[in-house]
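Have a look at this one before I ask anything.
Order of writing sets the chain letters: A, B, C and D. Residues in each chain are counted from 1.
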Amino acid sequence: MREQVIEWLRARGVELEDIARVVQELLGGRFSDLTLEECLASVRRVVDKREAQFAILTGIALDVLAEQGHLPEPLRSAVREDSPLYGIDEVLALAITNLYGSVGLTSFGYLDKRKLGIIGQLNRHADGGVHTFLDDLVAGVAAAAAARIAHRRQTLADAAAGSEGEGKAAS
Amino acid sequence: MREQVIEWLRARGVELEDIARVVQELLGGRFSDLTLEECLASVRRVVDKREAQFAILTGIALDVLAEQGHLPEPLRSAVREDSPLYGIDEVLALAITNLYGSVGLTSFGYLDKRKLGIIGQLNRHADGGVHTFLDDLVAGVAAAAAARIAHRRQTLADAAAGSEGEGKAAS
Amino acid sequence: MREQVIEWLRARGVELEDIARVVQELLGGRFSDLTLEECLASVRRVVDKREAQFAILTGIALDVLAEQGHLPEPLRSAVREDSPLYGIDEVLALAITNLYGSVGLTSFGYLDKRKLGIIGQLNRHADGGVHTFLDDLVAGVAAAAAARIAHRRQTLADAAAGSEGEGKAAS
Amino acid sequence: MREQVIEWLRARGVELEDIARVVQELLGGRFSDLTLEECLASVRRVVDKREAQFAILTGIALDVLAEQGHLPEPLRSAVREDSPLYGIDEVLALAITNLYGSVGLTSFGYLDKRKLGIIGQLNRHADGGVHTFLDDLVAGVAAAAAARIAHRRQTLADAAAGSEGEGKAAS
C-alpha cells in the first residue's frame, strides 16, 4: 500500500522530499547537522505505517470528492471552504502524529499555524484544488517524522553516555 | 445542522432513541433510576456539538460512498470490509467521545467490543449496507452521552453533599 | 473544587486573567471586538470542567513534588529539566484542549512553541520554580477557551444567518 | 531507563509475563497459534518506547505518593479512591496505546471494563496498595502490544499474499 500512498500524494502535488524539507526547517535550529536524507528517511518510515497510510488515503479521497462535487451538503461546503470549525482534517492528521507520541503535537500545531514550505503552497490553493485535508496530513506526517528523529537522536545520545560510563560491556 | 445530522442517521437506520437505549443499558447497573428520557436528552446534547456533527456527517458519507463504489481502491475495500486495521472509523468516533473527557473511552471500547443494541444490528449488516463508520460513531455518541450523565450526576451529588455540610448558604 | 484549582494556580503565579490575556492575544487578529471579559468568562468555563481541574491539580502536584525533591529518579530529573521528550506534560494539557474538540490543538501547539504572555514567564523559570507541567496546562486552558469562543461565535453567526433567511419564526 | 521501568513494575507486583498473559487472553480467539513468547516480545517492545516509560513512571509515582499520603487534597482522595471521574489514569494509559494507533483503543476499553488477569488483581487492591494508575497502565501496555501483534501479522499476511500473486520476485 505504501506505493499507492506515495502516488496519491504525488497526484495531489506533494513529494516525500517536500515533506522532508518541512522537517528539516522545523528541526534545523535544534540539530544543525541534520541532512535532508535523514529527514526523508524518517518521512518514509512514517508513511510505512498502516494507520498513517489509511489516514492519508481517507483525507485525500475526501478532498477529491469535495472537489468533484460528490460529497453531500452540508459536508461539501465545510470541506471545500476549509471551515476552521470543521476539525476532522486535524483529527486525521493527529492520528498520524500520535504514532510517535505527544511530543510531535507541538510541532503539528506550529506547522498548522505557520504553514512552512509545501503546507503553505497547498493552503493557498494555487492549483485551484481542495486541500483541506492534505495540508494538515502533510503537517501531521512532518511532525511525526520530526518527533521520530528527536527520539532516535536522544536514544543514540543516551547510548553514547552509557557506554562512556560503563565501558565496553554496555556497547 | 442538527436536523440534518438526525436525518442522515435516520436514513441509515438509526434513531436517537436507539442510541439512548444503548446508554441506558451501559449505565443501568450504575444508576438504577436512569430513565430513557434522561439518556435521550444527553444524546441530544452530544449531537448538538458541532464537532460531533461533522464527525457523523463525514463518517456516514464515507460509508455511503463505499457502498456506491465511489471510493477509489484500496480505500474502498478497507471501508467495505470494515478491516480491523483500518482504524479511521475509531478515530472519528473518539473525536466525539473525547468531547466529554477520557472517562468515556472505556465505555467506547466496551461498546465497540460487545456491540450492544443498535450497534450490533449495524455491525451484522442485516440491511446489506456498509456501516463501518456508523457503528463506531453510534458507540462514540453513546459513550459521550454516558460520560456526560456520569459527570452531571456527580456534580449534583457534590452540590447536595456541600449543602448538607455547609448549610443553606451553599445552595 | 473550582476554588481550589484557582488557589493552586495563584500559588504558582498564575491568575485566570493572565490566561485570558493569552486567549485575547491568540484570537485578537481574528475577532477584533474580543474583550478581556469575554476571554476571562471562557477561561472560567474551561476551569469549571472536572477533567480540566484534575489535569491541573495533577500537573501542579508533579511540578511541586519535583521542586521539593519528592519524585524518585529518573522521573525527578525528567520533570525538573523539562526534557523535550518527557511528553506527559503535553498529554495532560491536551486532555484539557480536547474537551473543546480538535480545533484547539493548533492553538495549543502554537502557544507551546511561541510561549505568549504568562506561558513565557513560567517557561523562563524566573521564580526559580519547576513549571514543566504548568506552562503546558496554561497553554491547554487558553487553547480550550479560544476554541470555545470560536465555536460560540460561529453558532451565533449561524443563528443570525438563519433568522435572516427564515424570518422571525427562527429567532 | 527500560530496566528501571521493569523494576518499578515488579516492585508494584507486575511482571512483564503477567502483561503478556493478558495479551494472549485478549487475542487468543483471533490468533489460535499465538504463543506467550510472541506476546512477551511485543510487551517488551512497547516498554522500550520512551513515552511508554515516562507514562509508567509518572503513574506509578502518583500511586505511591497517594499511598504514602504525599499528595495534597483533593488530589489525594481522587487518586486513593480511584474516582471514576478522575480520568487522568486513563489519559496516561492511552498515551501508551495511541503509540500503535487507534485500533488498540477498543482493546483498552474492553480490558478496563473486564479487568482480565493481573488487571483484576490490581483493581481488587488485594495487597492494600493504591493502584489507580497501574491497572490502567497495564491495560494500556497490553492493548498496545496486542495492536502491535495485529499490525505485524497483517503485514506478514499481506507480504505472503503479494508473493503468491507476484511470484518469487516479490519474496
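Assume a contact is a pair of C-beta atoms (placed from the backbone, for glycine too) under 8 Å apart; a residue touches a chain by one contact, two chains touch by 3 or more.
Keep in mind that this is a model prediction, so the values were computed, not measured.
Trainee: Count the C-beta contact pairs for A-D and for A-C, then tell me which is higher.
Mentor: Answer by contact count: A-C.
Trainee: Centroid from C-alpha atoms only, then distance subunit A to subunit C, rounded to Å. What do you get?
Mentor: Spacing between the chain centres: roughly 25 Å.
Trainee: Centroid of subunit A to centroid of subunit D, CA atoms only: how many Å?
Mentor: Their C-alpha centroids are separated by 27 Å.
Trainee: On subunit D, where are the residues touching two or more other chains?
Mentor: 1, 50-51, 85, 87-88, 91, 95, 101-103, 151, 154
Trainee: Looking at which chains touch which, would you call it a line, ring, star, complete or other?
Mentor: Drawn as a graph, the chains make a fully connected set, so complete.
Trainee: Under the definition above, what is the set of subunit D residues touching subunit B in their complex?
Mentor: The touching residues are 84-85, 87-88, 90-91, 94, 101-103, 105-114, 150-151, 154.
Trainee: In their complex, what parts of subunit C are in touch with subunit B?
Mentor: Against subunit B, subunit C makes touches at 1, 49-51, 95, 98-103, 151, 154-155, 158.
Trainee: State the interface residues of subunit B toward subunit A in the complex, per the touch definition above.
Mentor: Within the complex, subunit B contacts subunit A at residues 1, 4, 50-51, 54-55, 57-58, 61-62, 65, 70-72, 74-75, 78, 85-88, 91-92, 95.
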